[in-house]
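In the two complexes below, chain A is the common chain; its partner is chain B in one and chain C in the other.
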Partner chain A sequence: MGVAGIVKAELYLQISWLRSNRILFALQLFWPYTAILVIYVMGSAYGSVENLASALGVEDPLLYIVAASAIMFAASGIIDQTASVALWHRWLGTLPYIYTSTPSFTRYLLVSGLTSSLFQSAFNFLALAPAAFIIGGLSSGLRLFLVFAVMIIGALPLIGLGITAAIASILAREEGNVLSFLNPLLVFLGGVFYPIEILPRILQEASTIIPVRYVVDAARLAAGFQTPTGQGILLILYSLALLIVLYNGLASLGVSRLERATRKRGLY
Partner chain B sequence: MPGMRHVRAVLWLHLVRTGRYMTGLVNWAVIDGLWISIYVLGALMFTDPKDYPVIAPLIFWAILAWNLLSTPVWVIGNWAKFYINIGVYEEHELAGVSHNLFLSVRVIPAVMVALISAGFVAYLVHYVTGTNVLVAENLVVLVLSLLAILVISISYSLVLAYMAIITQAPAPMLDFLNFLVFIVGGVGVPVDSLPPLLRWIAAITPYSHPAELIRWASIGKEPYLGVSWEAVLTLGFVSAAVLLAYSMSRRATRYARKYGLRGIGRT
Partner chain C sequence: MATYAIETRELRKRYRTRLGGFLRGQYKWVEALRGVSFHVDWGEIYGLLGPNGAGKTTTVKIIATLLEPDSGDAFVAGYSSVRDPGRVRQIIGVMLSVERGFFWKLTARENLKYFGMLYGLPSSKLGDKIEEVLELTGLKELGAEEKRFEDMSLGMKARLGLARALLKDPQVLLLDEPTLGLDPPSARHIRGLLRELANDGRAVLVTTHNMFEAEILCDRIGIISDGRIVAEGPPQELKRRVSDTVSITATLTGIVAEGLSAKVSGSGYRMLYRVEGERVRVRIQAKRGEEVEVLNLLTRLARDSGTRILEVRVEEPTLEDVFIAITGGGRWE
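Showing the complex of A and B:
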């Protein structure tokens, strides 16, 4: 099975899943709105949107909250679609079948993870698009689309990170979903709803290797009604490029290590 | 006395299980702490820093209350699918052990998760705002109100668990409802800060009354209906929740004995 076959199969799986789980489909559409509602209702009760605009340095805080929620759900979805899927197959007992089927395991993880991640990200951004249009019309919709474009670039290192985590889980023979902390950790260190500078120093340092941080920076530029400086954009793109090399390099090494280990002891 | 023997056995079982899955439990607490911190820090960004001494404790106790009401829903309510699917239900039925007892004792890991994650959030909020959030003007009322939330939550979780016996309860729906309760149920924000329509909804939400008492006991914020009325309503809702859980357990047990378990294979 080639790359196109895996993409087609993965898309078919995602669409079938949504079609056969109508309640969950509706819930998935509403989930990003619950995050916005919690932040907005709680924040407004204890303060004001003006304070938020000043704390985050954006001129359109409502649009920023929408974009931030889309980033949060997309980032979580990407890790779910890569790291957690491998564990899920292991629980089901289907992992050995996938491992020994015609597309190589590396190709399966990469192509399937990329397809489902992009599908989920697009789903989350589309779910929130009406909110962006209501807040600021076409201009806000385009800004959200811009953030989505950056999110696609941000997805590449996240997929590498997810695959690395999946392989670590298989090699460590870890039965529990202990890697599930990755999702909130990435969002927490990404500073989605707050400036990263308020966190303890060590967490600020850790956030420099978190791809979500740079996607969030891009979202702030988009929601700030500022003319982004060439230097600012380049810094974001260079950082993401470095992280793509780092995490996908780690994933490649991990896959080789996994293949050697499984030839020796089998896969279970 | 078989009753006490059962209590000891179930307690021992859950403690052993908690110890064996300690990594998972700590992992869960970390995950909870991180998710909660994301929302708490986000909400704090709306606040003027000079209001932190009042707002930070309010947010912290609201989050702890929500943690106490939502974690048992997963640990007891959603866990019922394993109780049913792996055949443990029948084992306990044959041994004459109360399902209420077995499921309720799951509150041990639930509370551990809630407390560990609350500790993390307290540290973080303290770091960010420089405010000590662990303040209480009336410690007794604060603890009793938190306990009231826990009892209502356990009862609600048992109702969900028994619903899984006669029907199915999709897990994401549980989380969605928890979020709704947090927003419109007067837990996350004081009832008097809500729009008029939502105040009525909050008034009939069981959790809003102990939550109002928590705000009064921590920083002295006057409850929406006054202390006495909130206390009476809290007691009323606690009693109603316990009775509902008991009646649901009897109904579900009768159903299962007659027709078998419907929840098998469903999540």
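Showing the complex of A and C:
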């Protein structure tokens, strides 16, 4: 099974699944907006959405709301997609058939995780684009597109972590617990909803090794919420590049051992 | 030396099962396989026959590269399932569970298309291949190709499982209880199809706990009990081992089967029993000429335990008797 085969199969699966689940399709278009509501409520905690925007240092609070929702969905999305693909197959009983269809399960997880993550990002973009266009016209729509493009690049350091989480989930037989732990941690330390500076110093230090933080920063710069400087963009790119090497290197070391351990325990 | 389609050498596997406990879990080791060795020739249907928990599925999973043994090895067309799993996966078609393993909201055709893509079948051939396996498994005849998996009967699901296993045109088929719970026509259709596939030169390994099926379907049978192959050979040859015996089968109601089994054993006979809802089906093995003695014993035990005998028969030996003779009987489920 080649990479192209996995990509085609996963896209076919996603589209067929949505086609036969019309309610799910409608909900997927709607649910990004529920997060906007959450952020609006968070803004109220600051007194008003404008106060929240001022605390975050953004120009357009409404556009920030839309884009921050998008960031939240995509920032940890790649881990979620990769790991949940594996768990989903386990729950359905399709995992053994996926496993025996490929010489390398890791390759399947890598490609299918990326494919479904990109598909989901595209779907979220399509869901949020109308709101962005209504709020800020064509330029806002383009900025939102830029945010998604940055997030896809920013998600690359997380793919290795996603594969590790996927195999750990199968190995631990604890279903979604690995994800339940990882996702809130990434959102918490990534500064999706608030400036990192409001966290205690030790957590600020910890956030420097969380790729989501840089994805969020890059997405904000791309959306023009803060004044982008060449230095800032370079710093983010270097940090992301470093983390791509670090995380994926660590994952590649551990993942074959984890896959072997999974085969020792049995795949169900 | 000719290469077998499938060969297992001294497979051993232990599982750690959790008994309970929250913070400090209590565990127990279970020996699933204790040195399983057998081989399957090309063009042969080999049946692994045994009760639930005997080690059938564990063996299939090891051959299918889904599980690693603690020791020993399995080979498919000469390739090791442990050291060369990628090669093995290219040769095998697998069917593990009849009820699960597909996307519930997708139709039979959509499910097959997804797996066909995943198997890397070229787009130009995929459509034809799907039509071929739908035809072969009878799904087309049943009008099930556009049915969602969630709306299918168990028989249709089993046929779809087999259709997927055949998509890759595998030379070796590994099927775990392929007819479990199926209606007789579906089971018959699948057995017929497996025979055709074997006649084409493919090797088929099926696990079953249905002795009747093993007898009419398989060229050779390996009886597995407690993680060991305890007898092996063609069904007729296995049955010859117990040709000097007869079996008294009875259906009883309202009885504690274990108690009856112990009393029958105490009288020097071997008994196999199966609990079927409110009833118990027992099979007591005896030497030819001892039939009346066993019938008297059964009547007495039934009277003493306040149960009723609904039906009783004297039968010629079957594979069940081979199992009783080798393992001493017990519960079959």
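Everything that follows uses one rule, which is that the second predicted complex is superposed on the first by the 221 of 268 C-alpha atoms of A that agree within 3 Å, B and C clash if a C-alpha of one lies under 4 Å from a C-alpha of the other, contacts with A are read in each partner's own complex, and residues count from 1 in each chain.
Criterion: a residue touches a chain if its C-beta (ideal position, glycine included) is under 8 Å from a C-beta of that chain, and two chains touch if they have at least 3 such contacts.
No experiment lies behind these values; they were computed from the predicted model shown.
In the superposition on chain A, contact of A:208 is made with neither chain B nor chain C. In the superposition on chain A, contact is made by A:23 with chain B only, not with chain C.
Touching more residues of chain A than its counterpart among chain B and chain C is B. In the superposition on chain A, A:104 makes contact with chain C only, while chain B stays out of contact range.
Judged by the touch definition given at the top, the superposed model places A:200 against chain B, while chain C stays out of reach. Of the two partner chains, neither chain B nor chain C is touched by A:256.
Of the two partner chains placed around the shared chain by superposition, chain B is the only one that A:188 touches, whereas chain C remains out of contact. Those residues of chain C lying in contact with chain A across their complex are 15, 61, 64-68, 85-86, 89-90, 92, 94, 96-97, 99-107, 110, 113-115, 117-120, 148, 164.
If you check the complex, the residues on chain A that touch chain B are 23-24, 27, 30-31, 34-35, 37-39, 41-49, 51-52, 55-56, 72, 176-178, 180-181, 183-185, 187-188, 192-195, 198-200.
Of all residues in chain B, those touching chain A in their complex are 21, 23-24, 27, 30-31, 34-35, 37-39, 41-48, 51, 55, 58-59, 62, 127-128, 170, 172-173, 176, 179-180, 182-183, 188-190, 193-194.
Contact residues of chain A toward chain C in the complex are 1-2, 5-6, 8-9, 12-13, 16-17, 20-21, 92-94, 96-104, 260, 263-264, 266-267.
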